[in-house]
Each structure stands twice: as structure tokens, then as C-alpha cells.
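Order as written gives the chain letters A, B, C and D; numbering starts at 1 within each chain.
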Amino acid sequence: MYGSTFGNIFRITTWGESHGKGIGVVVDGCPAGLSLSEEDIQQFLDRRKPGQSRYTTKRNEADRIEILSGVFEGKTTGTPISLMVFNTDQRSRDYGEIANSYRPGHADLNYDRKYGFRDYRGGGRSSGRETIGRVAAGAIAAKFLKELGVSVSAYACSIGPVQINREYFSKEEILNNALYMPDAQAAQKAQEYLEKCMKETNSSGGMVECEITGVPAGLGEPAFEKLDAALAKAMFSIGAVKGFEIGEGMNAARLTGLENNDAYRMDEEGNIVKKTNHSGGITGGISDGTPILFRTAFKPTPSVAAPQETVNRQGENIELCIKGRHDPIIVPRAVVVVESMAALVLADAMLASMTTRLDRIKEFFGK
Amino acid sequence: MYGSTFGNIFRITTWGESHGKGIGVVVDGCPAGLSLSEEDIQQFLDRRKPGQSRYTTKRNEADRIEILSGVFEGKTTGTPISLMVFNTDQRSRDYGEIANSYRPGHADLNYDRKYGFRDYRGGGRSSGRETIGRVAAGAIAAKFLKELGVSVSAYACSIGPVQINREYFSKEEILNNALYMPDAQAAQKAQEYLEKCMKETNSSGGMVECEITGVPAGLGEPAFEKLDAALAKAMFSIGAVKGFEIGEGMNAARLTGLENNDAYRMDEEGNIVKKTNHSGGITGGISDGTPILFRTAFKPTPSVAAPQETVNRQGENIELCIKGRHDPIIVPRAVVVVESMAALVLADAMLASMTTRLDRIKEFFGK
Amino acid sequence: MYGSTFGNIFRITTWGESHGKGIGVVVDGCPAGLSLSEEDIQQFLDRRKPGQSRYTTKRNEADRIEILSGVFEGKTTGTPISLMVFNTDQRSRDYGEIANSYRPGHADLNYDRKYGFRDYRGGGRSSGRETIGRVAAGAIAAKFLKELGVSVSAYACSIGPVQINREYFSKEEILNNALYMPDAQAAQKAQEYLEKCMKETNSSGGMVECEITGVPAGLGEPAFEKLDAALAKAMFSIGAVKGFEIGEGMNAARLTGLENNDAYRMDEEGNIVKKTNHSGGITGGISDGTPILFRTAFKPTPSVAAPQETVNRQGENIELCIKGRHDPIIVPRAVVVVESMAALVLADAMLASMTTRLDRIKEFFGK
Amino acid sequence: MYGSTFGNIFRITTWGESHGKGIGVVVDGCPAGLSLSEEDIQQFLDRRKPGQSRYTTKRNEADRIEILSGVFEGKTTGTPISLMVFNTDQRSRDYGEIANSYRPGHADLNYDRKYGFRDYRGGGRSSGRETIGRVAAGAIAAKFLKELGVSVSAYACSIGPVQINREYFSKEEILNNALYMPDAQAAQKAQEYLEKCMKETNSSGGMVECEITGVPAGLGEPAFEKLDAALAKAMFSIGAVKGFEIGEGMNAARLTGLENNDAYRMDEEGNIVKKTNHSGGITGGISDGTPILFRTAFKPTPSVAAPQETVNRQGENIELCIKGRHDPIIVPRAVVVVESMAALVLADAMLASMTTRLDRIKEFFGK
């Protein structure tokens, strides 16, 4: 059964394994006439590229994107946009141990059981490199959204026990530190925490928050295609995600109705506004025009150098130390992945929302 | 754009508003030969029926299910199963205030903005009654899963500030109390808390946990059709859900890799087992054969009798007291909805998993 | 695997068997704000109702449509529209022979092999009554298209060996004769031919032509969602269809490029026009703004009273005479089914075409 | 709106334009464990390669396929298989005339109207080169089907006025002549006819027939996913197709029920057999276990060197002579495209059919 296609109208299909010839994505349904260059996409990819800091793997991956189709004279043509990154760091290696044993916290055993065997090189399809296709496509979705006034911004809001302080929140700070945190002090503490994890050959979990602004009211479809349901699926489709919440999120379960409801008021310009945003911008699955705010929890990197109990393919208990270069934390490189997936959801929802009302449809067709 | 269809192979389409002629669902893709009676489905529906206790609305809804197609001589025929409940409690009412004002925490305003107008009677399509179709379909999915040894069980794990104590956990207790909690003491405390909420014309949030056992390894598809991504979407498609987490969930963000990884060991029968289940039964989006365990956070019922600030269609600030009978908490009736949606996801994933391996496919076709 | 859903954005799901409780359809994705009454739909259904003439079955089926959801105060709400016809002619009957034997030209044996058993009453799901849902949904699609200036018109263009003469073509004539032929003389000859078939306890095939006018240029998507591919699938989804052709159709295989190409010229108003319409209004899968013209071939009714060789479930050779009331030809009642399916395809393509160009999308969102 | 994805379970997404960097396809949902090499795919591609004979274009396209993902140690892994051909014949050219004028019979004008502009180089996305992705994917589908005993074979059955004679039909002959005709005499006459067309700077239409053997009974889903409906869509998704018929096809409209019905009889081994195959192997949308036989009509190549009336982008009437190397007939190279699309439909239907019956599903899961 297929599993590599995402989206209804703005639709992507990703492909590629960690150590195959390359990684890529086909973006189908992107409207015609959008200015698009490889540089637009590269900027997004560079944010997930390894080797950016001490806290991301030292692997030397150029990850240069190539546009193979769908763009002509600098503009999208409306036909599928094929994007690809060649895997350059494919040097031959001894995969003996990884090929033969099941790494805890990884999908190795599950793939073997599902498919009968697996491409064990670097995690194969379950590798974080699979997100290259998502980010490349997300860059296009983000550029499309920008034309419509919608902006998506993600950042790390916690690293292990270290959380950002809302009082010191600064969007400008996000790109100033290696961890993409919007609070310089928290970023400093988080770095100290990560140093400790690394010293202990251990790793850390963390959380990514995402804010979407400029969203018109009315996005999302009732019942199963709710906008938050689409975001939830998008986030959980990223490896290592274990939780997703919107607005008050899990905390809403502890609140009362009077605490959690957002009161409406008229503002001075005669617009309806909400006094609070406990809902996180979506109620009944439909956007209300206020900023969408959600959080995604990432588990700690399962690849740690410390010895772990596991088994091998021969059914023997073994102790495994995972060698090689691995991020002590997934979050910094996941920030742009969250942003990309959110952009894809929003681009799709914007297009879907066009087909909702007869009066607007008639206007569109000049009737 | 459509939004009322869910599932890839085992697929449902729900329809109906709170106060229309009825509510229903079409189940398409259910395999032929499954014994099925209206009674099988009614048992599920009775668990979400209002009027079961002090903590669910007193509305008198019979909610009798009718099978309109797809079953012949007591067995499913493989063709679409149409199920319907007639709305019997449609008495004429004064909807003036609800028709004209936007209830905080409800989708009223969003529907008006999306569609230009709305069926305001009882929330229309955004009413909790929309879940009748899901539960009816879920009953079929659950019966199908039972034939394959898969069992889905949901229960309330917290009500406002009251959480269950894992030490007192008892599956038998779930059906013994009005709140579907697996801990009698917690249920008692939760009831006291709800009495207090009701006295204050307020409402409470809560959380539903769901365990799925008997799941074979290998369910779920890499990338976008991960099993947990499908569950996340399913849960967020239920109105009032604000958070979803699996295994360690949001807490995984605070853990280290060594804490969060599940070590593998061989058991005495030569099977690979996990020493812990921090993953909640799914890694890399694929089931590992251990129980799946997830939690879903529900916000408090937005309909409260206490006065709330809001606006009306004329753009005036008003104060609204929501009259009528409303559950002080969504959770008890949502338990079976969670179970139903989970069953639908699993039924779909089981069928999808059949098409994965050439050796098994050849065997199926006798080649 | 599901098979009862059709359409991408304007999407329908049909359900029901010949002799179950009813037959229905859920229309999801119909835009909000369309005026819609049961009478609008009944008019379409009445065109496929049996008992209209000597050439359609004498079964007494009222086929009264009920709107169960999705319409409020006379307008579509944007949520799923559930439509249903109760089966009133369900009198208990002796199905012994049909239950036990496989009618030639019918799907009886195929259903038994596919599902292990079948609802043998009146053909079950493979009955022509299944088209009630399509026609009810088609009536809505046609009404939506009318708002956008698109009109779909089908008629019989041949009955057995009798073909219409293009010189005598008259749209007004279509509703004047029992066979829905646009040529009174051909209709007269066709009726004589059918009388002969009936006398010989035999049946006849025939062909339905369909013209769609007011179609804007640009409908249909390259590659797999070509507009003619969608029409071909729609037509072949109707039982008894054995051929589909557009424009020159099968005859194009015998032509040369210079004969078959449609030359472009500028007209006096400065519009590009085609001198001919060999293409049938679609080239490269995309509408060109000229009328779409296609034909669909229907096989003769397989149910004939004359004795036929077949086998029974016990694996014995038998001779079968099919009793009961059966149309000697499918075509007259299929005319409105063709029209309905074409309307569904066009409604879907119109909505899809809105998401094609950035400039038009920006305009829609006021950017 | 997307349009480049085909299939439900075995699903492909094609991309690429005539003169972009390359052309490719992502095959998702192909079962794991299938032996697959580039050579397997190249054999299929070589059959559609230009320059094979006097009747196909002289363009020098190597069309070497590369497998970029989804295959490990010579076997499919169950993850997406990305295939690509680099466009090597991209030499810079004067496209002035084609860029500025609308070729009759081509999609040029439609693309301009749909998207606002187009990649005019060699037809862009509407070029026949788009079929490279289909054929590459079809080769995989065909290899998968072979493992299950299903075989797909297409050939030219008419070229202009020249039809094959069923009495001289020889499968071996198909690969013996440049036109892929199964009748050597007809192939000879067809070649003479094509010579005449070329001399007159004209082109010819033709027809491709396809036989599928080894098909189990029970493929195809009732209502909208009928097996013949899927084939019809698949064929009409190929550019230049104007007609599709199965079994008796268009001719069924002229027959009587007694002529067209296929009688069942028991054979000596106790199997049910059909005395004839007027149905073409499918009744009620479901395969009956006999060979599937269908025909697809291709219009003549629209690119002819003779002068044609058309208009340019400035809205002027012009006369256009299309230069360059063009096939005088589409059919010979379309044969393998028909075969590929049919294989994709069958592979998908085989997988879908696994999920139909509870008894077989339980057996699969060992319950």
C-alpha cells in the first residue's frame, strides 16, 4: 500500500532512502505562475542540513536541490515539479552490525517484519533524510502561501527540561542560535544541557512550536478533513513525533468551559475579535482567522553511543553501541520540517476553501 | 471540498445534522461474510446515547440504528453498508438566540464565515450527534477486528484535575461507573468534581486513553500513512479534541534517549520482546506487535449556562446564557467515539498490510 | 476495497441494492448556497423511472426521493447531502431459480466468485436500480452547472440497427418520444424494431450520445485526470456499457491527420474558433471551449424470456427462461444516467479548475 | 489540482516535460521482494523508443532508465521506487514558431488557456515523452503480474483502413514487424499505406488491441471502480486516444440479447466455462476468469508537415507547416503504453481483490 503521498489538491509524493542514489519529491497541483528558483528551495533545505552546529551531525552532505521539471522561464507551469537531491555521502561502509541487529527506538525490526527484509544502510526509508523531500516541497508551499499573505514560523520551545520563557520571546532570536529557540537565555541553558547529554553519550527530546499567521477564516472541512486533524496527521508523519497539541492542547483537559472558551467582542473597526486564543486558531476544525498555534513533541534521538540491550537477526541477545555521527537532539533540524509540513497543509486547505460557496464560485467564473 | 469520508480501503462516509431528518453513515470496503446485526451496532451506539447518567444530557434520543443495505441473510455482502438513525427529538423550538448569536467555543461563527450561513439548529453538522455515524461504523470495524484477534478498548483516564491511579487500574471497572473510568476511586472523585462544575454552571475537560491489543507487527505505511499519523488524524477529527499523544507522548520531549528507548530481548519461546513500551506500540509509524497505547485530550464542553461575552450577527456585543440540556463533560460519551475511530484506523491498516509482501501475496493467490 | 465513491472535489457515494430497504447517495463537496428542493431531484429520477412506456419495465416503483441532510431553508449548506429512495416494491417472491442459477450476461457468477455469496434478489448491487443514487446526485450537479452556464444533454442516437439521421436532429423531439431520440422518424423505426425484439422474446442494444455546452476552456488535468478520461470512467461505471468514444471516436483510427485536425481561425469578435470539432471538445485531456460530444454503447438487456443455456450452483447444465418484467432495451432509461454521470464529472472539473492559476487564486483571495 | 497520480494501492506519479532535465515516475505501493533490475524496465522502454523504424521519429533519444530508490540488493523494498530518464536530446533550437502559434490537434492552446502560459518546447507536459514514466512503471507492474500468472499483451490491430485478419493472427508475428501487428500480411499493407501518408506529408490513425490472460475471477469493484471503468480511464489518459471498447464493444449496441449473452456450460473438469466471450472477460465490472480483450482507438498524429490553417498568440490567422521529425502514426509506439497502463490497472485490481472476503482475510492472518 502506498504511503508516500500527502495532500488532496496541493499534493506531494516523496521518495528515497538514506544511502540510495538520491532523495526527492514530486509536487503536483502547485498553481501555475509562481516564481520559483532552486535558491528558494535551497534556503529551506539549508536549515535542515547537517553540520550546522555542534548539535547536528557532522556528516558532510551538500544537499543541493535540482528542479527537474515543472518550472519554465522561472515560473511554475502547473505541471508536476520534480525535485531531487543526489546523495553524495554514500561512501562504502561496514554496515555489518547495523545490518544484523535491531537498534532500539528505530524502525529496523518493524521494517524487517513488515517487508521481510530492509535497506539497512543509514535507516533506509525511515532515515531522517526522507524529510528532504518534505522540506523542498514545503519551501514551495511556503512561497505560494506568502503570495496569499499566510506565514508559517516554527521554532524550538523546549529542549529536554529547558523551556522558553514567553516573556523573553523574540522572533528575531530564532535564527540567532543553533537551536532555533526564540529566547536567548533558554537557548544558552539548552546548549549546556545538550553538552551534558553528549558527554554522557546520551541524547535529548524536545518540542517544536509553530505559529501560522494571516490565515483567513473558513479553512478546513467539517468531520474528517478538519484543519487541525490535517495538521495532526502531518506532524505525526514526521519520524520521532510522539505528541501534538493545539492551543491549550493537553492542558485543555484540565480546564473548565469558562476558562477555556474564547469570548468574542467587536473591535473598533467593526470586526469580530476573540479576547483570548485558547483554541489555537481553530474551532470545529475550521480556522477562525486568528493565529494558529500548535506544538509537536519529539522523542530523543534513539541513536546513542552508550551500550544498549538489543537482539540480532539470529535471535541472540546482544549489547549494541551505535557508532557514527548522530545528532544528540532531533529538534533543531526538525524545526524546518514542522514548518514545511504545516505549509503544505495550509496550501492545500487554502485551495480547497475556494470551492466552498456558490456565490464566490459564480464570481470566479464571471457568472 | 468533501470532508466526510475517512479511510483508504475500509472507508466510511458520514452525513447528517443535529436536527435534520436523520444521521447516518455509509461503510464501503467492509469485507464480505462478516456476521452483522443491528444489535451489534446498537450496543456501540447505546454507549454514546445521551441520558445514561447525570453527566450526560437528558435529551431523550432513542437512536435506533437501521441497516439499509449491504447485509443479506445476516452477513455483509461486500457492498456498501448504509446505516441510519432517524432524529426523533426534532421538536420545534425557539432557536432565535442561537440562530442569531455566536456561541463561544463553538463553530458557529466559523461555519457562517465558511459557508455564508449555517444550519443553526443544535450545532448542525458540528454537533456531537455527527459522531453517531462514526460509532455505528466503528462497531462494524470492531467486529471485523475481533475476527482477526485485534481488540480496542478506550476509557476515561482523567476528568478535570482528577486522574486515574495506575495501581488501581481495572478493565472491569470501566463499565461499572458512569464516567467509564478504570479506577473506582478516581471515578468517585471525578463525580464530585463534576457536581461542583455543574453547581457553578460550568463544565470540565478530560482525557480518554485507548489500548489496542492483538495488533500484528507491520501495520502502517512509511512516510505519510504512518499508523500513529492515521490515529492522530482520526482523533483530531473528533470535535473538541485539542491534544493527542502516544506512548510517552508529550513527556518524551523531556526524556533522554537512554530513558526512552525500548530495549529488545529474546523471551523463552524465542520471540523478540521489548522490555518497556515507551513507544506506545508504534515506531517509525509501524506497529511492533506490542499494545498500542494513546491518549486524547478533550476540551471542556463549551456550552455552559453561565453568562458569556459574545457577539451577534448584527455585530453587537451581547451576553449569552446557553439554555437547554448539555453534558457538563464530553469525555464519557466520547469514550466510544475514540474506540470507534481507532477501530476504523486499525481495520483499514490491517487490510492495507495484506498488500505488502510478494511472498505472502503469491501465497494468497496460490502461486 | 471500496468502489462506491466517485469524484475528487464534488464527490458522491452511492449505496443500496435492488430489493433492500432503499437506495441512496451521499453528495459531499457540493458548494453551499445552491437552491435545492426534492422536486429538482425528482424530475431527474422520473426520467429513469420504470413504467414510462411499453419499452420500460412495468414494475410499479414510486421512487420518491427524500433529502435527509445538507439542505437548510431551501439551500445547500456545504455539508453532505444525503438522498434516499425507499424500495416500495419489495414483495416477497420466489427467487429460487435466480438464487440458484447464473443468468448469462449478468454479474451473478462474478459476484459469487468475488464475495463467496450474493444478494440474488433482483441483481442486488448490480441491479440497474443502483443508478438511482447517481441520477439523484446528477440532478444536483446539473443544477450547480446551470448556475455556471454549463448544460448537459443526452439522448438515444441508435437502437439496434436504427440510427438517428443528423439532418432531422431536433432537441425538442427528445422528450416527445418514449425512446428519447432526437429524430421522430428514427424513433418510429426503433419502436417497430423493439416490437419485433419483444415478440421474439429478445432484447436490443443501443447508443446514447451526450452533448455538453457552455464549457469553459481549461477543464481537465494533464496526464491521468484528463477530462475525457474522467468521462470514460464515468460512462464505463454504468452497467452494460461496452464502448465509449469522443468526437470522431473509433473512426479517428481510420482518418489521416489532415482530415482529423481541427483548424483554428479568428472570428469577427477576435475569438479563436475551430473550423471543425473532430476532437469532440477536448484535446490533450483539456476542454477547448467548444461543445463536448461523446457516445456510449450499451449492450442489449441480458434478461430475455427466451430459453438460454447456463449452469446452476450445483454445477449442472440447465436451460433458463428469465421471467418477470424486464426492459427490452436499456437505453431509454440510461439516457438520464449518462447525463447525470457527465454532470458529476463536469461539476468536479469546474471546481478543480479554480485551483490552477496563481493570478486567479490571488484575485479570489483579494491579494 | 493534481493529475499525475494513477492507481489506488499500486500507485504511480509521473513527472517531466519533453525538453526539461528528465522524465520520471515514482511507483509507490509495489510489494516488497520483487526482483527488479534496470534491464527489466529498459526492455519495456526500448519498445517505445523513437528511431526503431521508418515509422517512428528519428530523434536520437537514448532513454536509459535509472532506478533511484526502492530497490536494494536486486529486490524491491516496499518503499517508493523512483525511476528516471535524463533528456539527452535537449539541443537548443528555434522554437519561435511553435512558441508563438497553436498547432492544430495539439494541446497548445488549451494549456495556454488553462495555465496562462506553457512550456512550448516539444509539447511540454503534453508530449508523448510523458509516457516514459508510464512505461517504466508498467514494466514493474507487468513483472509483478507475471509472478501471479497474469500476462498482458498489446498489438496494433488496425492502421488507417488496414485491419488485421483474425485468421492469420500470430502472437509471434507481433515483434517481427515494425508496426507490432500480429498479421504479417496486414503489416505489409499497413506499411504501404504509411508510405503513402508520408509521401503526402500526412499521418494516419490506428487501433491497439490488448489481451490479458491468467486473470482470476473477481477483480474490479462494483459501481465506480469497475475493472473496465479503470481500464477505460487508463486508456483515455493516454494522449490521442479517442475511443475505447471491450469485448463486442461499440458493436454490442447493434446486437440482440440472444446474440450478445455468453452462455455458461460445465466443462469436463467440472469448471464453469463460457461458450463465447462477447463480454470481453468482464461483466458487471468484475472479471470472470476468461481473457480480457479490449481495443483503443488512436487519432492520427496531429503533427504533419503539410500546411495547416491556425492562429498565433497575436490573434492572427496564419498557415503553419510543422517541421522536424514526427511519427507518421502513433500506434506502434503506443502499443507498449497500452500494455503498461493495462498492467498498472491489473496490478492494482489484484491487490485490491485481496481485501474482499472475510474467510480469505482470516486465512491470510492465520486466524
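Keep in mind that, in the parts below, a contact is a pair of C-beta atoms (placed from the backbone, for glycine too) under 8 Å apart; a residue touches a chain by one contact, two chains touch by 3 or more.
Which chain is which protein? Per UniProt: A, B, C, D = Chorismate synthase.
As the structure is a computational prediction, the values presented were derived from the model and not from experiment.
Chemist: So which chain is farthest from chain A (Chorismate synthase), going by the mean of the CA atoms in each chain?
Modeler: Most distant chain from chain A (Chorismate synthase): C.
Chemist: Check A-B against B-D and say which one is joined by more contacting C-beta pairs.
Modeler: The comparison resolves to A-B.
Chemist: Compute the distance, rounded to whole Å, between the mean C-alpha positions of chain A (Chorismate synthase) and chain D (Chorismate synthase).
Modeler: 38
Chemist: Hey, how far is the Cα centre of chain B (Chorismate synthase) from the one of chain D (Chorismate synthase), in Å?
Modeler: Here the centre of chain D (Chorismate synthase) sits 44 Å away from the centre of chain B (Chorismate synthase).
Chemist: Determine the centre-to-centre distance between chain A (Chorismate synthase) and chain B (Chorismate synthase), using the mean Cα coordinates as centres, and give it in whole Å.
Modeler: A distance of 26 Å separates the two centres.
Chemist: If a residue has to touch 2 or more other chains to count, which residues of chain B (Chorismate synthase) qualify?
Modeler: Correct list: 1-5, 9, 14, 29, 32-33, 78-79, 114-116, 125, 222, 351-352, 355-357, 359.
Chemist: List the residues on chain C (Chorismate synthase) that touch chain D (Chorismate synthase) in their complex, please.
Modeler: 1-6, 8-9, 14, 102, 104-107, 109-111, 113-116, 125-126, 130, 158, 160-161, 197, 200, 202-207, 217-218, 220-226, 228-237, 239, 241-266, 270, 272, 275, 279-280, 283-289, 297-304, 306, 308-311, 315-317, 352-353, 355-357, 359
Chemist: Looking at the complex, which residues from chain A (Chorismate synthase) come into contact with chain C (Chorismate synthase)?
Modeler: Counting only chain A (Chorismate synthase), the residues touching chain C (Chorismate synthase) are 9, 29, 31-34, 76, 78-79, 144, 147-149, 216, 222, 350-352, 354-362, 364-365, 367.
Chemist: Taking the touch rule as given, give the residues of chain C (Chorismate synthase) at its contact with chain B (Chorismate synthase) in the complex, in rising order.
Modeler: It comes out as residues 1-5, 7, 9-11, 13-17, 20-24, 26, 28-29, 32-33, 66-70, 72-73, 75, 77-82, 84, 114-119, 124-125, 351.
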